[in-house]
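Okay, so chain A shows up in both of these, paired with chain B first and chain C after.
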Partner chain A sequence: MIARPLAGRGQALLVLAFLAPALLLLALFVVAPAVSAVLFSFTDLALRGPGALAPKIVGLGNYTRLFGDQSFVDAFGRSVSFVFFSAIIGQFVLGLVAALLLARKGIVGKGLFGAAILMPLVVPETVAALAWASMYAPDARGTLNLLVGLVGQEPVAWLVANPMLAIIIVNIWRGVAFAMILFAAALEGVPREVVEAAMVDGASAWQQLTRITLPLIKHAIVLYMLLTTIGTFTVFGLIYFLTRGGPGGGTTVMSVFIYERAFHFAEIGLGSAASVIMLGIVLAIGLFYVRALRAQI
Partner chain B sequence: MRAPKILALFAAAVMVASACQAAATPTPVPATTAPGQTTAPPAETPTPPPAEPITLTLLEHQELRIAALKKILPLFESKMEAEGKNVKVNLVELVIPDEEFRTKVTLEYGGDNPADITSYPGAWVPDFATAGYLLDITDRLAAWPDWEAHFYAILRERAQQADGKYYSMPRHGTVIEFFYRKDVLDANGISTAQPQSWDELIQRLTDLHAKTGLPAVTLPAGTTWGGGTFDEGFIHIFNGTGGTLYDTATGKWVVKSQALTDAFTFYATLQQNGLLPTDALLASEPWEPTKYDGFTGTLADGTAIDIAPPITTQGSWGWIYDWGPDGARPIDGIFDKVGVWAFPSKASGDTFVWAAEDWMWTISAKSKHPDEAFELLKFLNTADALAIDAAAVGNLAPRDDIRDVAPYKDMWYLIQMEELLPTGRSFKAQVGIDKIQQAVGQATEQILLGKMDGPQAADFFAQTATSLLGADKVEEQP
Partner chain C sequence: MAATTLPVPRPARRGRGRPGFATPLAYAFLIGLGGFCVVPFTWIFLASVDPNATVHLQVPKSIDLSNFGRFVTDPKFARFMLNSVIMAGGSTIVVTATSVLGGYALSRFAFPGRRTLMFGILLTRIIPTTATIAPLFVITQRLGLTDTYQGMILVLAAQQLPLALWMMKGFFDTVPGELEEAAWIDGAGRLGSAIRIVMPLAAPGVGAAALFAFIEAWSDFLTPLILISTPDRFPVSIGLFQAYIGRNLVDWGLLTAVSVVYMLPTIVFYLVVRRYLLRATVVGALAGA
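The block that comes next holds the complex of A and B.
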C-alpha cells in the first residue's frame, strides 16, 4: 500500500508545524535582540546617568558620532587585520596543511596528530585564555619566557611587546582544528582516480594540489571562509581575557569596542549603533561568500 | 550539484544567525523610577506598621568590610528590637572586584528588587543618582542633628550632587599621600623631608634611581589599574597644577589645557628617566608587583626581593588593608619603616593631601523600607559602629567625635590622618567621570609604552575623552 502524499496546503502546515519550535527560538533569541539593537541605536539609552532615566531619540546621532570617532575607525581596522591574519591566512593555511597530511597514506601517528590539533577546539574559551596567559606571562616563569631563557634571552612581556600578533597566534591555535576537520571531510570526496590519472600524466605534487585537489574542494573552502570570517569578527572572550583591548588600545577590535561602550560605560544606544554597523559588515561579507558559493554550483 | 546547493543554504542560515548574534545586545532594563519618586517625602512611602517583620538587604563586596558588618548588624537589630521594631538585615556577600561590582550594582538598580543599601566609591554616585536609582535623602539628613554638627564639611559638600540634593552619605573618610620606605631612603642617603615642589621630588627620585638602578616611585598609570590610575595617581598630580578639570559654570569637562599638559608631562618625565616601574604598571594586576611585592620587598610566597619602588601614592587604608598585620602583605615594624609626604605641587611650597570620602552609603530608590534603611545608615554612622567599620579597613571617621571610641581610638596613625581631612584637597566627581578615568588611563598608558611625550599624551587624552563623552560635553581652556 502506498501512502498518499498530503495535499499542498496540508503539507505546508505540516512543514510549518515542524519548523515552528526552531523559528520561535530564532525569533526570540536572535531576531528580537537584533531588532532591539537597531531600535536602541537611534536613542541615547544608557544604564547609568541621565540616559537611563529619560532616554531620548537621537536619530542618526550615534552613527554620526561613531563615523567621526577615530577610535571606532581604528577598531574596525584592527578587526580586519585580526580576521585576515588569524582566520583567512593562519587558520586556513595550517588547517589545509594538516588535512592534507592526514589524508596521506603511510603517515605514522595520524591519530595522535589529529587529536593534538583537535584539542584547542574542545577547550572552553576561558580555559584557553588562561592557558595562553600563562604562556605569555611576562616574568621568567612564563612558558614562552622559560623557552627563550634556555637560549639566554631576557624575559619578554609578549602581550605588551606585540599584543596583536600574540592574539592572532592564539586565535590560529584555537581555530585550526575546525579548518582541518572541514578540509579533511572535503578531501575524502576527491575522486582517487582523478588524482591517479594526473600522476600518470606526470603532474607534480604541487600541480596535483593546485590544479586537481583545491578546485575540487573549492566549495568547502568558500564555506570555511564564510564561517571563519564571521566567527573571527565576533571573537571577544579570548581577546578580552588576554589583553582587555590593550595595551594602548592596541587590541581593541570591534567586539571589544562594542563591549566597552555598551557595558563598561553603559551606553546602550551607542553600543547598539556600533553593533548594527558590525552586523551590516558581517552581512555584507556573508552575502559575498554566499554568492561565491552559488557560483560554484 | 545538489550537495553544493544544500551547502549554500546551510551557509546562508549560519551567516544570518552568526551576524545577528554579533549584533545582539541584552535588553537593557528600562529606568522605571521617575524623578518624582526619588524625591518623595518620607510620609508618602509605604512603610508597614512597626510590629510587622521587616528585612533590609545590604550588599557588600569586600571581605574586610563584610567581617566588620557581621559584628555591627546584630547590634542594629538589637537596638531595633529594644525600640519594639522587628527589623532584620540580610547581609548579601558578593566578593568581586570593584569594576565587576559596579556592573552588578548597575544591573541590580535597573531590576525590580535591588538591595536596599549598598556602598561604593563616591565617584559612582552622580551616574546612579541622575539615573534615578538612588533615594533622595536630603530631608532625612537635614532632620538628623549629627549631620550638620559632626560630619566634616568637606565630606558633606562632596556628598551634595549637582542638583543640590543628597543621595548618599559618606561611609568613611580617607586621606591619600605619598608613602615612602624610610629605611630604603635612609640607606641611600636620600632626604625624607617633605618635598616642596615637583622639581624637588623628581630630583630626589632621580638621585635614588641613580643609586639603586631601580624604579623609584609607583604612580598608578595605564588602563589595567582601572579607576585607580585616576583616583590614586593622576588627580594628585593634576591637583598640583592649579588647573580645572570640570567647568561647573558650563557643565563641561575640560579636556585640553596647559594644566593637563603639565600633568601628563610630569608622568612623561618620570617614565623617560626610568623612575616608574613601567612593566609592572602594564601588567594585568599592577598593584601586585608595585604596592605589594615592590613596596614590601616580599613576594607572595615570602621570597625577599629588592624594595622597589620604595615610594608610592597610597590612602590611609595602606596601614591596615594592604600592609597591616592582617593585611594583604604585612610589613613588620611598619611605623618605623614607613613615612608619609603630602603631595607637592608644580609651584614650590604648595603641598596638599587628598581628603575625601572613602565610599558612600546609598539607599535604592526602590527600597520598600526607606525609613528603616535610613535608620540603619544612621546607626552605621554612630560612634560604636563606625569605630568598628572604619578601623576594619583602615579608613578615617567621617565625623569628628569618635576619636575616643575603641578600637578606632587606638589607631593613632588614622587619627593623625583624620586631622588632615578639613584642610585637604580633592576633586568632586561629575557625570562622565568614568570616561575621564578611562581617557587618563589610555593617555598615561601611551606614556608608559614610550609612544608619547607629555604634550602628545595630552592631545591623545583630549581626543579620547571627546570620543567617549561626545563633543558637546567637553571644552578647552588656556
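The block that comes next holds the complex of A and C.
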C-alpha cells in the first residue's frame, strides 16, 4: 500500500493545499454549473428582457412547458434514436467485429487497419464534420453521390433528404474506434486455451463467439453500453457544425435543443430545465457505472 | 499450455485459424471499414494542396502549397491558430500543475474520505459540458470571464481535470513508496524527494496526461462557442465553423489547409499516447483504479 495515513496536522494541511487548486477549479466550473442548472430550472432567468433583470421563481413551470412542447419531445426522441442507431447498434457491431478480426492470428496489416479506424475519433470534431460536408455534397459530384451513382442511384441531398440518417452515419464513423479499443482490450483477457478447447470439441465459429467469447467479455460490453450512451447522448459539435439542428429542426437533438433555447432564445431557465433532464439521465447511468466499478475494486 | 508438452494435434487448423472462406471475408470487412474511415479525409488532404479546390473530391490538376501560404498570411486564421495555441497551451499548463499536486496527494496520503473523493471526481468527469452550458455561461459572466483567454483557459482546464487527476494518481501509484522513503532516510525532505525521486519516474505518465488535456482543449468547439464572442479571440474550431456557415463564399482550399494543420497535432499526439488510450477512455475501469 503506497498511501500512508496522515501524520499530524501539518500533513493534513499539506494534503489540503495540494488538492485545493484542482478541487476549486472543479467546484467552480463543473460542479457549480451542474448545481446551478437545477436552481435555474425553477426560474425564468434569461439573457435579455425582464428575466435578465429580475428573474422570478416559476416552480415547475419550465418542466411543464417542456413536456407540453412538441419540439422538446421530438428532440428527446431524436436523441434516443441517435444513441440507439449510432452507438448501441452501429458502433457496437462494427467495433466488435473489427476487434474480433484484429485479434485473429495471421491477419496482415493490423496496424494499418487499426490506425485507419482510429483516425475519425482522433481528429477535432470540427474537422470530422467538415470532411463530411464534402461527403454529403448534394450534387452529382458529391463523394457519396458518386458512390451510390455506381449502383444507379440518383444524387441525393443527404443532409436535407434524410438528415437524421446522415448524422447517425457520421457518428458511427467517428465512434467505431471507441468500441474497438474497449473490445480489443477485453479480448486480450480471453484465455486462448478456452477457445481452443471449444474448437477441439467441434464448436463452430459462431458457437465459439456466442457461447465462449461474448460471455467472457460481457463486462466490457456493459461498460461500453454505459459509456457510449453517455457520450453519444451529449454529442453536440459534430451535429451542430453540419446542420445547426436543421433542416427545419430535423436534427435538433437534446444537446442542440439546450443550446438553442439558452443562447438563441436566451431562455436560460428553460434551457436549464432541459439540461437537468439530460443531467439526470447521464448521472443515473454514471452512478450505475461508478457503482459497478466500486464492486470491482 | 498443455500443447507445449503433449504432442496433441494442433487445433489451429480449425475454427479461428482456418484458412479459406473466412479470411477473404475478414479482409473484405477490414478493407471496407478502413476505407469508410479514411475516405472522408482524402478530400481534406487533396483539396488542401489543390489551388482550385472545391467541395468535391477531385484529383488536383496541379499541386502546390498556395492554400497553406494563404493560411499563414491570412490575418484571421493565423490569429485563430495563435488563439488555439494560447487557450489549449494555457489550460494544459493549469491542468498539469493542479493535477500533479492533487494526484500526488491522492496517491500518497490515506486521508479520510479519499475513496469518496476519487469517485466524486470520477462522477464529475461524467457531467457533460453539453448539459451545463447555460449555467456555465452565467457563472463565467458573473466572474467577468466570458470572452477572455483566462476564462477559456480555466474552464477548459476544469473540464480536463477529472481525467488528469485519475491518470496522475495512477502514475504516482506505480512509483514504489519505498524509493521515496529511502530518500527521506538519506535526509531529503518530503517535498525534495517527491521532486527528485517521484517526478522523474512518473514523468512519462505526467506527459501523457498533459497531452490528453492538450488534445481535448485544442479540439474543443462547444466551450468557445458559448464563451467567446469577439472574432479576434476565436480559436480555430470556431473559425472553421464561421467560415463554413458563410456558405456562399466558402474558400475550400483555405479551410482544408487549416484543417490539415489543425488536426496534425492531434494525430501526432495520439500516436505518442496510444498505449495510454484505454486508460483515458475508460478511466480506471479496466486498467484498475
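In this text, the second predicted complex is superposed on the first by the 246 of 297 C-alpha atoms of A that agree within 3 Å, B and C clash if a C-alpha of one lies under 4 Å from a C-alpha of the other, contacts with A are read in each partner's own complex, and residues count from 1 in each chain.
Everything that follows uses one rule, which is that a contact is a pair of C-beta atoms (placed from the backbone, for glycine too) under 8 Å apart; a residue touches a chain by one contact, two chains touch by 3 or more.
Remember, it's a predicted structure, so these values are computed and weren't measured experimentally.
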Determine, under the contact definition given at the top, whether A:V30 touches first (chain B), second (chain C), both, or neither.
both
Give one of first, second, both or neither to describe whether A:V160 is in contact with chain B, with chain C, with both, or with none.
first
If we overlay the two complexes on their shared chain A, which of chain B and chain C does A:S71 touch? Say first, second, both or neither.
first
Name the contact category of A:F40: first (chain B only), second (chain C only), both, or neither.
both
For A:S275 in the superposed arrangement: first (chain B), second (chain C), both or neither?
both
Go through the superposed model and pick first if A:M199 touches only chain B, second if only chain C, both, or neither.
second
Using the superposition on chain A described above, determine whether A:M135 touches chain B (first), chain C (second), both, or neither.
second
So, does A:L53 touch the first partner chain B, the second partner chain C, both, or neither?
first
For A:L13 in the superposed arrangement: first (chain B), second (chain C), both or neither?
neither
Of the two partners chain B and chain C, indicate the one touching more residues belonging to chain A.
C
Check chain A for residues that touch chain B in one structure and chain C in the other, and list them.
26, 30-31, 33-34, 36-37, 40, 45, 133, 223, 227, 230, 233-234, 244, 255, 258, 262-263, 268, 271-272, 275-276, 278-279, 282-283, 286-287, 289-290, 293-294, 297
Can you list the chain A residues touching chain B in their complex?
26, 30-31, 33-34, 36-37, 40, 45-55, 65, 69-72, 133, 138, 157, 160, 219, 223, 226-227, 230-231, 233-234, 244, 246-249, 255, 258, 262-266, 268, 271-272, 275-276, 278-279, 282-283, 286-287, 289-290, 293-294, 296-297
Could you please specify the touching residues of chain C with respect to chain A in the complex?
1-3, 11-12, 14-17, 22-23, 26-27, 29-30, 33-41, 43-44, 47, 55-58, 94, 97-99, 101-102, 104-111, 114, 117, 119, 121-124, 126-140, 143, 154-155, 157-159, 161-162, 165, 172-173, 176-177, 190, 218-219, 221-222, 225-226, 236-237, 240-241, 244-245, 255-256, 259, 262-263, 266-267, 270, 277-278, 281-282, 284-286, 288-289
Listed in rising order, chain A residues that touch chain C in their complex are 1-6, 11-12, 14-15, 17-19, 21-23, 25-26, 28-34, 36-37, 40, 45, 94, 97-98, 101-102, 104-107, 109, 112-113, 116-120, 122-128, 130-135, 137, 141-143, 146, 173, 176-178, 181-182, 185-186, 193, 195-196, 198-200, 203-205, 208, 220, 223, 227, 230, 233-237, 241, 244, 255, 258-259, 262-263, 268, 271-272, 275-276, 278-279, 282-283, 285-287, 289-290, 293-294, 297
Inside the complex, what are the residues of chain B that reach chain A?
1, 4-5, 7-8, 11-12, 14-31, 33, 35, 99, 103, 106-107, 110, 126-128, 130-133, 222-224, 279, 282-284, 431-432, 434-435, 438, 442, 445-446, 448-449, 451, 463-464, 467-468, 470
